[in-house]
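The letters A, B, C and D name the chains in turn, as written, and every chain counts its residues from 1.
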Amino acid sequence: MFADIKGLNEECGVFGIWGHADAAQITYYGLHSLQHRGQEGAGIVVTDGKRLNGIRGEGLVNDVFDKKKIESLEGTSAIGHVRYGGAGKGGLENVQPFLLHSQSGGLTLAHNGNLINANDLRHQLEMQGSIFQTTSDTEVLAHLIKRSGYLALKDKVKNALSMVKGAYAFILMSETELIIALDPNGMRPLSIGKIGDAYCVSSETCAYDLIGAEFVRDVEPGELIVINDEGLHAERFSLSASSAMCTMEYVYFSRPDSDIQGINIHTARKNLGKMLAKEAQIEADVVTGVPDSSISAAIGFAETAGIPYELGIIKNRYVGRTFIKPSQELRERGVKMKLSPVRKVVESKRVVMVDDSIVRGTTCKRIVSMLKEAGATEVHVCISSPPMKNPCFYGIDTSTHEELIASEHSVEEIREIIGADSLTFLSVEGTLEAIGRKGYGKDCGQCMACFTGEYPTEIYPDTLLPYEKELMR
Amino acid sequence: MFADIKGLNEECGVFGIWGHADAAQITYYGLHSLQHRGQEGAGIVVTDGKRLNGIRGEGLVNDVFDKKKIESLEGTSAIGHVRYGGAGKGGLENVQPFLLHSQSGGLTLAHNGNLINANDLRHQLEMQGSIFQTTSDTEVLAHLIKRSGYLALKDKVKNALSMVKGAYAFILMSETELIIALDPNGMRPLSIGKIGDAYCVSSETCAYDLIGAEFVRDVEPGELIVINDEGLHAERFSLSASSAMCTMEYVYFSRPDSDIQGINIHTARKNLGKMLAKEAQIEADVVTGVPDSSISAAIGFAETAGIPYELGIIKNRYVGRTFIKPSQELRERGVKMKLSPVRKVVESKRVVMVDDSIVRGTTCKRIVSMLKEAGATEVHVCISSPPMKNPCFYGIDTSTHEELIASEHSVEEIREIIGADSLTFLSVEGTLEAIGRKGYGKDCGQCMACFTGEYPTEIYPDTLLPYEKELMR
Amino acid sequence: MFADIKGLNEECGVFGIWGHADAAQITYYGLHSLQHRGQEGAGIVVTDGKRLNGIRGEGLVNDVFDKKKIESLEGTSAIGHVRYGGAGKGGLENVQPFLLHSQSGGLTLAHNGNLINANDLRHQLEMQGSIFQTTSDTEVLAHLIKRSGYLALKDKVKNALSMVKGAYAFILMSETELIIALDPNGMRPLSIGKIGDAYCVSSETCAYDLIGAEFVRDVEPGELIVINDEGLHAERFSLSASSAMCTMEYVYFSRPDSDIQGINIHTARKNLGKMLAKEAQIEADVVTGVPDSSISAAIGFAETAGIPYELGIIKNRYVGRTFIKPSQELRERGVKMKLSPVRKVVESKRVVMVDDSIVRGTTCKRIVSMLKEAGATEVHVCISSPPMKNPCFYGIDTSTHEELIASEHSVEEIREIIGADSLTFLSVEGTLEAIGRKGYGKDCGQCMACFTGEYPTEIYPDTLLPYEKELMR
Amino acid sequence: MFADIKGLNEECGVFGIWGHADAAQITYYGLHSLQHRGQEGAGIVVTDGKRLNGIRGEGLVNDVFDKKKIESLEGTSAIGHVRYGGAGKGGLENVQPFLLHSQSGGLTLAHNGNLINANDLRHQLEMQGSIFQTTSDTEVLAHLIKRSGYLALKDKVKNALSMVKGAYAFILMSETELIIALDPNGMRPLSIGKIGDAYCVSSETCAYDLIGAEFVRDVEPGELIVINDEGLHAERFSLSASSAMCTMEYVYFSRPDSDIQGINIHTARKNLGKMLAKEAQIEADVVTGVPDSSISAAIGFAETAGIPYELGIIKNRYVGRTFIKPSQELRERGVKMKLSPVRKVVESKRVVMVDDSIVRGTTCKRIVSMLKEAGATEVHVCISSPPMKNPCFYGIDTSTHEELIASEHSVEEIREIIGADSLTFLSVEGTLEAIGRKGYGKDCGQCMACFTGEYPTEIYPDTLLPYEKELMR
């Protein structure tokens, strides 16, 4: 839902559970908790110890599954996936988990992140006669594993992981074990929980609250964990692990009720808002947030600034994917879609409008203009993160849109473009401090590449798409 | 969506427009704005001046309509309806607008409210040979109009309205005119807007913001308005009109961005919360609201009480109607559905939990217990309206559930049942003051019957259903 | 399926059963047997003695019903209907059985035929305030019954039938009895069967073979029969009854395995073919029939003429309603649809092509040309009925197509238009003799109006549609 | 449709066209003509010279395709497939054409027949790391082609074909050429046609009549043909080619309007019936055929025997896949499904019932008993092919059913089991003579293995399924 407002899209969420009588149903609830990470497709694969069996489909979790389908997924262990699919990557065959059968047994895989050398690896594999069914990175890993010969599954996976580069939270399952792995920089969130005796894994901890599990621990960068009927076995597959968690997970992607590295997201966002109020020092009559992701930051801002927090912008909840878009003509006549102003709240007021980030600037411009038409005398835009100047190669789809406005324009230019009376971005230092990080650069434990251009991994210029290269110049 | 959380259901929303090239499409957007008033069915009927043509269906507006269907509804005027359907009232045939063709022309009707003498009228009509297709009140009015002989449509409608009792906002359309009528107590909201030269009508003003219309005025109690190509003509059909607007529209039903009688709903709710904080005088660490309807009241409470407002409870947005419900067993093991606590926010805290009303008490009890399990040391429940002790006969479906907890139990008993550390209801006087009303009883301009038992109309004991009679004892 | 080949459409089939544990399922099988009489919609209504309950839908019986739906129709008695719906008569609301509930009980009706004074009756009823939901004749009868006051249902039905004119086989059911009625000329087939102790009724006897029932007797013209738990009670409602069974039922509509008035349809058609061979006296190499309806006549023709019968034309079975029609361009390049020639069978042969009737002539012309392109040296068209010169007002939809070719052209002109080497129609006398009738005109027991223009009832000029009037000039 | 009556299932039909503006639409019509060869799934892949693009689905051609989908398949060349899928082989992923994309281009394949060494080949490929998506033979060929290195596509295909054994009519397409290949025994029909300048290929010639193409020639055993913008190039890939066309194609599978090796199927069947009448020498009153496949043989029988041919058995056309099957109880009470007797035709008659083959005997037994219950005094069963004693390994699914009755029982025993008054099978010699073959055994040009046990290829015992081995003992 955030997708077409923001132009910022996460690539996925994964969930898994081993050894629970209601494996498919719990995975179904788990995927619901992760639905905000991907609304284009969903799938669940179960094992009953003998055979893998799965259902996948396009759309929301509830579009894909009903009671009968979930009940047909018999087994005591399961993995599931929700996906976002950018342009040209759609189609049922790209919905995960990827499931393959062979005479020696089945294997299923799902993945959150992006392999930056996937094109190179695919080329090499095709040259050797491999037939690919999908355009997804996940199938590349599947082929690498299958080509690894007569090793135990865990060792085949380690072989394969030694060849891939990028950001990834992988989850794999055979008939008899569940394997998870996090990239050496730990760029995507992944954690372990426990429900009774059964281990579960999830991209976000909010899933544990929904299913009544307790949080055990985060998965470490470069860690590979095997879960089977003997229990949980963890080891490192990479020596050079060093944490660089995606900062946008705190700012925008994760759910407010999730925790990452021990920090609650709502609290982190409220702190970002408080820090922003300190840095901005605006005089105004009301503070309002852009729903839903900026509400926490706006509340924090209001609290610190001592300005009342109000619902100045409302989201039209039922405007979903099937909504008939207004024609250009109707739009010009005033027909709105996702967001409406609350006239009585903003009329004749100086308004602080808190948002979490600016990507292209078009949505921000539209909201400023909407507030002014509704009678706001001043609109002060306060962004609870630094200007986003650089593309992401680790699974966030900033690059399908023409351009990052902040890579081309100064803050003052952006202010003018969006028509605000003032525009404040949170500083890089303030951002890190608000989420409890110290230091700066490589050692801060966060990936700040989209703000600073310091990428935690090498970037492979030959595998970049043309527009990506241009963005990198 | 609120329905199964709260047990309080509005019965409908209506929208209409006369004389606009995009009549069907604008009605579609209008119904979207009113979607919260009814999610069981939706319909639109258009006229091109010669013939009425309509599409209806079960489900959300977006389930019923797509681009092709909206485009097939050619015409320059339209009426639309969203409905909530209680048990035994479902089925496509009960979805409105009701549309009938005869050799002398067509007629379409839609309705928000409840006719309290509908059963009597239906019995009389059937005795005279009328065949009913539906179980809805609306068809009763249609038959009364059709039996009114050779008068002009407006006069037929007045004849028919003179026979019906209850709460209603009616909207009717023939090939050549649109007629709206509000009951003599004006118990349901209904207002007029203007988009260019075209008049539109809507149950709530939030529709005007979405479609870019301007608000003109509220419809008065006992008023009948005819809109046609000559313009708008208003008259009174009842001399005994006296305003008794449903108070729950302010407290719970209407959207925060709507205004009723000049009062913004978000602002009214924030005032209810402020008044509640004054009356309650609670010491606590955090204030949290039950999403979505109580957020405004919670913000107001926090502001007045000087306690930080936090997201202590989160709503699982994607849990819709098709969600597979957890079995009793899974529920006991902790699987939640619509609402989850944000552990890090409430842990080791004294929590004020603001809600707008208590109907049966079961949801409230579940939330209190959820907050305590998440580590809250104290939970103080503060309700931004008085105890709801009496059933509603005017279109709010309190009566399909066993019992109103407040009609059977004292406040202290309720507190014990729901397991709260304290329980505060807003007073009747505080409620009226917060929404800007003065006086008390019949003259206050509001219907307070569910709180006080003072019904603004006679009640017809013979037409009450058995359980309704019991509730009335 | 025949519909777009021939341009001749029956209007319906009815089936009913009283007092059988599997009432809905048996009705489902019965409707399957009658599927050829109507493919646009189907419905079943059951009674369990207390309440009527029904399901209707557009499409084939199998499109409308599945196992779950049939099982949901609990009850021991049922009526069902399959319908053909001409242009402008479509829509779910016109699918039968028509079902109405009132405070005094339910009533359901279904009908095969056409009421020729339906428009007049509808006008009178609307003037008295009746609201119609459909455009079907059946609802007119429902209103007439409902307006008949405080009589027993049987007497209300007799009252109502005394007002209607035309061809009809009606089937009605309340919670406690099943009533059937046939028009005073018995123009539509309707018979009674018995399965164990349970009576059933059907438009055609082929249903009895499928469900394992035994044939009891045909319903008589002007007869009204009540079936309830006491058994079967028959009486006359019209004194002026005189049989005029539709001859096209023998020639074209009914299934070859049905019997009408004791005559098997396949045998009747074979006899029509034999008589045609005698009258035509053609020299040829092969005889072929146009599938499916003319196969029996072609076999009879071949037997009498001593010419081998071959499959010279084949029907593409899977070309159903959803078939994508070839564009004009592809059609000209040779793409065929429903019928293909069998080249090796007709090449270099003199071919007798037997068909049952010619309506517009376009299909016949296309088949002749197809056979010639496939190499037939001569094509002799032999039609097993007389030229169809007059429209039908009794439920056969000849009149939705521009024109009956035989009302405008001589046999020689038609031969030239269709491009045949010879064209022979069976004589009126030969037709009657082949189906075992003697005499001619009013006393022959058959309706021959479409051939001779002698209509068995008055025709109401004022209620004819404009194009019908033109056809009657 | 024949499937559950007979227990004999063909495995597929293929169609292709190169260089025609309406490639997808013509393929759609072609697949319609082949629909009887497979009703479980259908697919079309097109090329516009640059990219392959396809749509596949489960069900009939008309279930899978609509106008919009066909129009979305832009391109000037196409291949298509209809499939029958036995138990455990279902699922969308097994629907053909199989389509694969790689960085060096796309490839699509479809196939009619059975590779008898597919399991062996698949095992070897998986040991080398190949990942299979389907359980179909076709994918084995795809992997063999892809592993063939840097050759031209034609040579890769020849490499791959040199490794496979069995019966196959393959059709392959890249962006720039269409390749077809027939196994060295030419066991499945495959021919070439021409529509304007465009070559097309089809499993059966009946497709050419429907699309207005002219027949060019049959594909020869062991022939590989490349069609591209330069024209058609044919060569042999196998030196040991010797014709052994499946005899059941004449007896049962192919459409009556197709020709194989210059012989029309209807004519061949009529000749089989004539030969059978000569061999059987039965005295009777009527001859009837089991619809649809035995009609031609019955007509031939009747002509030679001088006994009238009648419609004694009728097929219920609308009883499709979605038909609700009668319960055992209803079946015992007489509810029939696909076939009904025509009582008036068989009552008190000595009936010759002509059928084309007996597989398990259960259907035959049911029909005999049905005819006797309908009053036939004698039922003489005459089968227009020899007893089927041996399983087929070349793509005909006789082996999914328990047993071939003729491999276990003598003719007299079968007669007693099915309850007939006499039972006659056509002799092996008579069968060959009727379809114009001379000689006997290997040199007759036909595969008679199911009758005689003389298989035209080696049989691979290790790859047989357990029940197949048992059948081979």
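The criterion applied here is as follows: contacts are C-beta pairs under 8 Å (C-beta built on N, C-alpha and C of every residue); 3 or more make two chains touch, one makes a residue touch a chain.
These numbers were taken from a predicted model, which means no experiment stands behind them.
**Q** Counting one step per pair of touching chains, how few steps separate chain B from chain D?
**A** The fewest touching-chain steps linking chain B to chain D number 2.
**Q** Looking at where chain A touches chain D, is over half of the residue numbers used by both copies, so same, or under half, so different?
**A** Interface between chain A and chain D is built from largely the same residues.
**Q** Provide the C-alpha centroid distance between chain A and chain D, rounded to the nearest whole angstrom.
**A** From the centre of chain A to the centre of chain D is 51 Å.
**Q** Using Cα averages as centroids, what's the distance between chain C and chain D in whole Å?
**A** Inter-chain centre distance comes to 37 Å.
**Q** Which integer distance in Å separates the CA centroid of chain A from that of chain C?
**A** About 63 Å, centre to centre.
**Q** Mark out which residues of chain A touch at least two other chains, giving numbers and ranges.
**A** Touching at least two other chains: none.
**Q** Let me know each pair of chains that touch one another.
**A** According to the stated criterion, the contacting chain pairs are A-B, A-D, B-C, C-D.
**Q** Once bound in the complex, which stretches of chain B touch chain A?
**A** 1, 22, 25-26, 28-29, 32-33, 35-36, 60-63, 65-67, 70, 195-196, 206, 209-213, 255-257, 259, 264, 266-267, 270, 295-296, 299, 303, 308-311, 314, 316-320, 322-324, 326-327, 330, 333-336, 340-345, 374
**Q** Taking the touch rule as given, give the residues of chain A at its contact with chain D in the complex, in rising order.
**A** For this pair, the touching residues of chain A are 100-104, 122-123, 126, 129-133, 142-143, 146-147.
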